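Right, I'll just put the structure down here and ask away after.
By letter and in written order, the chains are A, B and C; residue numbering begins at 1 in each of them.
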Amino acid sequence: MDGAQGRPGRVFMLRIDDGEKLVENLGSYIRENDISTGSVSLVGAVKWARIVTPDIEKKPMPDRESMLEKYMEVVGHGDIVGGKVHIHAAFGEKGGNGYCGHLVEAEVFVFVEAVIQEIEGIEARREHDPKTGFKKLVLNS
Amino acid sequence: MDGAQGRPGRVFMLRIDDGEKLVENLGSYIRENDISTGSVSLVGAVKWARIVTPDIEKKPMPDRESMLEKYMEVVGHGDIVGGKVHIHAAFGEKGGNGYCGHLVEAEVFVFVEAVIQEIEGIEARREHDPKTGFKKLVLNS
Amino acid sequence: MDGAQGRPGRVFMLRIDDGEKLVENLGSYIRENDISTGSVSLVGAVKWARIVTPDIEKKPMPDRESMLEKYMEVVGHGDIVGGKVHIHAAFGEKGGNGYCGHLVEAEVFVFVEAVIQEIEGIEARREHDPKTGFKKLVLNS
């Protein structure tokens, strides 16, 4: 476990439009506004979503990408580290049946709305972690 | 895509009680406290929930309302625009099976607890969007 | 319904590592940093999760604990009251099928990352509520 202490910075509200890529556009907005560290929450709907979920039978990377090819409501949360966004989301298809995963990309249906809270005073980055094979969040206050 | 920049304002913590309507009471609290723009997160349980999920076979409004008639845990997130709250939530029934959707209304089971973060410096409103047929988030810093 | 008004305090970003207990470590960090009132959001993955979901056939306590014995992605949100964290989370197993519940404990897979927003100016505690049999959030500004 490792942690760092900062303070709230700017807050952004964002609308991503029908047919636009959710993660790509959110990432562009974050870069254009120089948001280095923060958290993000989003609500909306998508026409499809590419997600990653754990698949411990796959080696060496214990993850697997899945394509959810359906219109779904979405509620997601993530963090921003080194200007890059990392989102996990829950999805509900017609009737409400639920899905969840690490969001790789999705196409917006109608609208997605996001709120970004910038965090000041924390320098966060990701570094390759030999132990897990994944990018590790490294923190300095 | 469109976005606007603001800053954190007041923070509210709220308890909604057993048998009370979740969205109606949250909406009343937001109006009473003059929270125009913000974000909200909630955790708790519900006795039923009315949700909207996409149904692209229905015209002209490609949405469908579903009634989840079961006791469920809930975790939700949303935004506040023009003093009105818009929440998407994930639900777990007995044993954990999951649902998700745009939350229209729910009856609280035991308690729901919410945290509201007001956003200052952003003027947000919803306007009818002829292209999608839905209300569109319009933003000004 | 009851609510209280405060203001944003410190913000923390936290990494919990592979094999560590999610709720236990998050709770330790909150105590070590004297975070009395706040909200928390988390994303990551887990090897298993113990959750509570409503089971209204059980008396007197209408809840039931379930063990989700599978590797899952997770996105969660909760509040901090009297220095104790209370989290509900959505989970996605291999392929994306979703679960949701009140998170009792989980073992971290690879990493879990959390953002904690402290709330100043609200004194919150939990008290036994004879009406529901649960702990009730009691608030003072």
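Everything that follows uses one rule, which is that a residue touches a chain if its C-beta (ideal position, glycine included) is under 8 Å from a C-beta of that chain, and two chains touch if they have at least 3 such contacts.
The model shown is predicted, which means the values in this text are computed figures rather than measured ones.
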Handout entry: Touch graph components, with chain A removed from consideration
Key = one piece
Problem - Copy pair chain A, chain C: interface residue numbering same or different (half cut) - result: different
Completion exercise
Rounded to the nearest Å, the gap separating the Cα centres of chain A and chain C is 20
Exercise for the section: Can you tell me which residues of chain B touch two or more of the remaining chains? Expected result: 8, 41, 77, 90-91, 97-100, 117
Problem - Residues of chain C defined as touching chain A within the complex - result: 8, 10-18, 20, 25, 28-29, 33, 41-45, 71-75, 77, 90-100, 109-111, 113, 115, 117
Handout entry: In the complex with chain C, residue positions of chain A that touch it
Key = 1-8, 37, 39, 41, 51-56, 62, 64, 66, 68, 76-79, 86-91, 97-102, 117, 119, 122, 124, 131-132, 134, 136-137, 139
